[in-house]
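First chain A sits with chain B, and in the next complex the same chain sits with chain C.
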Partner chain A sequence: MNMYGHELKSLRKSALIWTCSMIALASLFLAVYPGMASDAAGFKQLLSGYPEPVREMLGIDLDTVASLLGFYSMVFAFVTLCGAIQGMNLGVSILSKESRERTADFLLVKPVSRSSIVTAKLAAACTALVATDLVFFAAVSVVASAVAAGGYSGKTFLLINLTLLFIQLIFLALGLAVSVFFARLKNVLSISLGTVFGFYVLGALLASDAGDEAARYLSPFKYFDSFRIIRDAGYEWSYMLAGILIVAAGIAVSYGGYIRKDIHAG
Partner chain B sequence: MNVIEMNRLTKHYGKSRGIADINLTVEEGEIFGFIGPNGAGKSTAIRTLLGLMRPTGGSATIFGQSCLEHPDIRRELGYLPSEVFYYDHMRVRELLNYSAGFYKKDCARRIRELADIMDLDLNKKIDDLSFGNKKKVGIVQGLLHEPKLIILDEPTSGLDPLMQQRFFDLLAEENRKGATVFFSSHILSEVQKMCSRVAFIKEGELIKLEKMSDLQADSYKRFTLEAASAIRAEDLQIEGVSKLENGQGANSVTFMFKGDINDMLRRISGIELRNISIEEPDLEEIFLHYYAKEDRAG
Partner chain C sequence: MNLFWREMKANRKSLTIWSACMFLLVAGGMGKYTAYSAGGTSSEVFEHMPFSLKALLGIGTLDVTTMSGFFALLFTYIELTAAAHAALLGSGILAKEERDKTAEFLMTKPISRSSVVTAKLAAALANVAVLNLVTLISSVVMVNAYNKGESVAAEIVLFLLSMFIVQLIFLSLGAFLSACLRNSKNSGPAAAGILLGSFAIAKITDLTDRLSILNALSPFKYFSIDRIAEGNGLGIGIALSALALTAVLAALTYRFYGRRELNL
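Right, the complex of A and B next:
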C-alpha cells in the first residue's frame, strides 16, 4: 500500500494534465456538432469529395458521420492517440524511474520483492488510467447530451469510450515490456512517441487498404473500429482477444525482466 | 552467528571486471572494514550482497538468507549508498516517512532523534539540499528503523569532519546496542579508528583478511634515521627491510622493517646517529606497501 500510494501520488499531476487535454479536445470538436448537424447533407457532400482511401485513413464512414456518435468517432480517433501516448509513456517511465532518477538504491533494498514493486507500480498506473477515463467519460457525456439534438445510444457511446481504456492498457503493457530491456532509460518521451506514432501511421496505412482483415492485427489502433461498434453495438472479439494477449504478454515480460535485472550503481 | 557470508562470490559484467571468488564472513556485533582503491569491486560486492545484482557464481547471504530469494530479510538491514539520490520533489520528512513505511514499526521518534544528531532540517525539499545534506538524509534513512545490520558504501564522502565524527559516534552507539556494521572505504584512517577486522580487495579479488590488531602489531615498523654522515644502504639491507629510501635531508633514510627488531637495532648501532624514530605505520602505509608488493609479484 505504501508503494502504491507513493507511486499514485507521483502520477497525479500528469494524469490530470492528460485528462484535461483530452476533455478539451473532445469538447471543442463536439461543440461544432450542432452547426454541422443543421447542414448534414452539405457536410456529407464535402467529405464525399475526398477520395475513399483518404476517408478510410481518417476513419470516416459517410453513412454514420452525420450522427452524433459518428461525428464523435472522428475526434475519438485522436483521443485514443492521446490515450495511447499517455499509456505508453506511463509504461516506459514507471519501472525505469528508479534507475533514471537513481533511486534504485533506496527502493530496491527495502524488504519487498521485485515482483511486489512491479505489482504496486502497475496498479498505480492502471489506477491513473482508469481515473483519467472515468473523468473523461463523465465530461464528454455531459457535453454530448448537451449538443445532441436527436438523442443517441448511451450504450454505444459507452462502448466506444471504453476502447480508450483498452488502447491505453495495450500501450501501457508495451511500454513496460520495452522499458525493462534498457539498463538506464533516459529518453522516455522519444521512445513512447516514436512507438505510438509508428503504430498509428501503420494503422492508417492498413486502413486505406480496406478489406485486409488480417493486417489489422498489426496495429492496435485498428482493433476497435468505432464505426463498426456503432453498426454492431459490440466489439470484434478476435481483435479484443489479440489486445488481451498483448497486455498479458507485455506484463509477463515486464515481471520477468524486472525481477532478473541487475541494478548498477551511479 | 554469521551475519554476512560471501561464499566464492563472483560477478562479471560483460567485458569489465567485477569480482571473483570472494569469501568472507562477518560475525554478529563486528565492525568490519572493506578496503580497496576505487574500482576494486567494493560496490559490486555490496550490491550483489544486497540483491541489487545477481551473482554470476557463488552466493552471498545476510542472516543466512539470500536477499534475492528472501527480500523480507532486508527488514533488518540499513544501507547507505555511496551516492545518495532521492525523489527530488519530496520533502525530507515525506521521504523518511515513506522509508519508515516499509518496516512496519513506528519510527517517528527515531527520525526526530537522528535528525537532531545529524542537524538535518526535515522540512526542506530534497531538491534544495546540498550533497552533504543529502548524505545526512541517507544516514537517517539507513538508521531510522534500528537495523541489526548496517551496510555503508563510502559513508563519509561529502560530510564535514564534525559530521563525520557525529556519524561515527552514532555507528559506535548502534554497534554497542548490538548492530553489526560493514563498511567500505578507501580512506584508511576511518577504518583504522573503528573496525575490528578488515578485508582488502584489489582488482576484484580479496587479497587479505585480517584482524585490525594483528595487522598493526605483527607487521611493520617504520624507521627514520638521521646520521652524522651519509648512510650506506648496504649497511641496512637485511631480510625484512623494504622501501628503503632517502628521507628529508642528506643523511637521512626511511624504511619499513618486518622481523626481529634486535637484529635491526644491532645493525643500526654501527651508525653514528643524530636522530631516530621507530613508529607503528598507519594502515595507509601498510596498505600501499601491500599493494606495491602485490604489483611486483604480479
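Right, the complex of A and C next:
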C-alpha cells in the first residue's frame, strides 16, 4: 500500500499535465464545430439542386460526419494518440525508473516480493489512467453540450470515450512488457514515441482499404472504430477480445520478466 | 574532434533504427498508392463543397490521385517522424551527460563548454542530415518504382529540403530546452510535448481557414505542402525566417549551457 501511495504521488503531476493538454486539445477542436455545422447546413441546401443519386451518395456521409458525434470521432483520434503515448510512457517508465534513478537497490531490499512491487506499480498506473480519463470525460461532456446545436446520444458519447481507456491500457501493458527486456533503459521517451507513432502510422495507412478486416488487428488504434460505434451503438467484440488478450499477455510477460530479471543496482 | 566522433558512435545504433523505420514508412506508404490512384473520381459537386467539409471528409486540397499529391499526403507522416527524431536527439544529446552522471567526467576535460556544445550540435546535425538523406533516397527510389507519369523527383527534393529545415528547428529547440530548463531530465518530455502540440495545431488549421494565425506556432505549417506539390517552390522568405529561428535557438543554447548549473 505504501508503494501504491508513493507511486500515485509521483505520477500526480504528469497525469495532471496530460489531462489538461488532452482537454485543451479536444476543446480547441470542438470550438471549430459550430462553424462547421453551419457550413454543412449551407451545403445541404446547395445539394438540393442536384439529382437524387448525387444527394444520396454525399448526403448520408455528410449527416454522419457533420453531426457532433461524427465530428468528435475525428477529434478523438488525436486524443487517443496522446492517450496512447501517456499509457505507453507510463508502462515503459514505471518499472524501469528504479534502475534509472538508482533507487532499485533501495526498493528491492524492502521486505516485499517482486510480484507485489509489480502489482503496486501496475495498480498506481491504472489509477492514474482512469483518473485522467474520468476528468477528461467530464470536461469534454461539458464542452460538447455547449457546442452541440441539436442533441446527441449520451450513451454513444460515453462508448466512444471509453475506448480511450482501452487503448491506454493496451499500450500500458505493451510498455510494461517491453521495459522488462532492457537491462538498463535510458531513453524511455524515444521507445514510447517510436512505438506509438509506429502503430498510429500503420493504422493510418491501413485505413485506406476499408474492406481489410484482418489488417486492422495489426494496429490497436484500429480496434475501436468510432463511426462503427456510432452506427451500432456497441463495440466489435472480436477486436475487443484481441485487445484484452494483448493486455493479459503484456501483464503476464511483465510479471514473469520482472521476477526473473537481473536488476542493476547503483 | 574526439567528442564529435564519440557522439557519432554513441548515436550510430539509434540512427540505424530510425533510418530503417523511415525506409519502411516510405516503402509501406507508397505501397498504398495503387489503392488511391485507382479510385479517382472527382465530380463538380466537390468543387462547391466548403473547405471545412472537404477537410472533414478527408479530401483536403490535395489531389491524391497524382503522384506528387499522394507523396504530399505521405510526407505529413514522414515529416512527423523526422521531427520526432530531431527533437529527441536535440534534447538528449546535451541532457544525457547529466542523466547518465557523466557530466563531471566530461567537464573536467580541458575543453570549453562552448566547444562541447559545438561538437555535440555538429554530431546531431550530421545525424539529422543522414536521416534526411536516407529518406530522400528511399523516397526517390520508391516513388520511381510506382510512378507511371512524369518524374516528380524535383518536388521530392523540395519536400525533403523543407523537412530538413523543420528538423533543424526541432533539433535546436530540443537543445535549447535541455540547456535552459533547470532539470534537464524534463527537456525530452517538453520537446515531445511541443512536437505533439505543433502536430495537433497543424491538423486543426487544416480543418478550418479561420484559425490560420495559429500556423505561426506550428513548424509543420511553415512550408505549404500544397504549394510544393504544385511545383511552386518553398518560399524564400519563410525559409530564411525558419533558419533565423534555428540560429537564435542555437545561440541561446550556447549562452544558457555556458552558464548552466550542472546537476551532478
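Rule of thumb we're sticking to: the second predicted complex is superposed on the first by the 242 of 266 C-alpha atoms of A that agree within 3 Å, B and C clash if a C-alpha of one lies under 4 Å from a C-alpha of the other, contacts with A are read in each partner's own complex, and residues count from 1 in each chain.
One rule holds in what follows: a residue touches a chain if its C-beta (ideal position, glycine included) is under 8 Å from a C-beta of that chain, and two chains touch if they have at least 3 such contacts.
Predicted, not measured: the structure shown is a model, and the values here were computed from it.
Visitor: Touching A:190, do we find chain B (first), chain C (second), both, or neither?
Guide: second
Visitor: Using the touch definition from the top, say if A:2 reaches chain B (first), chain C (second), both or neither.
Guide: The answer is first: A:2 touches chain B but not chain C.
Visitor: Could you let me know whether more residues of chain A are touched by chain B or by chain C?
Guide: C
Visitor: Contact-wise, after the overlay, does A:260 reach chain B, chain C, both or neither (first, second, both, neither)?
Guide: A:260 contacts chain B only, not chain C.
Visitor: Of the partners chain B and chain C, which touch A:111 in the superposed model: first, second, both, neither?
Guide: first
Visitor: Look at A:42 in the shared chain and tell me whether it touches chain B only, chain C only, both, or neither; answer first, second, both or neither.
Guide: Touch status of A:42: second partner only.
Visitor: Kindly classify A:198 by the partners it touches after superposition: chain B alone (first), chain C alone (second), both, or neither?
Guide: second
Visitor: After lining up the shared chain so the two structures overlap, which partner does A:148 touch, if you call chain B first and chain C second: first, second, both or neither?
Guide: A:148: touches no partner chain.
Visitor: Common interface residues of chain A with chain B and chain C?
Guide: None.
Visitor: How about chain B: which of its residues touch chain A in the complex?
Guide: Those residues of chain B that touch chain A are 13, 43, 47, 50-54, 67, 71-75, 77, 79, 81-89, 98-99, 101-103, 141.
Visitor: In their complex, what parts of chain C are in touch with chain A?
Guide: Residues 14, 17, 21, 25, 28-29, 32, 35-36, 43, 45, 48-50, 52-53, 56-57, 77, 80-81, 84, 88, 92, 96, 99-100, 188-189, 192-193, 196-197, 200, 203-204, 207-208, 210-211 of chain C touch chain A in their complex.
Visitor: Inside the complex, what are the residues of chain A that reach chain C?
Guide: 21, 25, 28-29, 32, 35-36, 39-40, 42-43, 46-47, 50, 54, 58, 61-62, 65-66, 71, 74, 78, 81-82, 85, 186-187, 189-190, 193-194, 197-198, 201-202, 204-205, 208-209
Visitor: Could you pull out which chain A residues touch chain B in their complex?
Guide: The contact residues of chain A facing chain B are 2, 6, 10, 101-106, 108-114, 260, 262-266.
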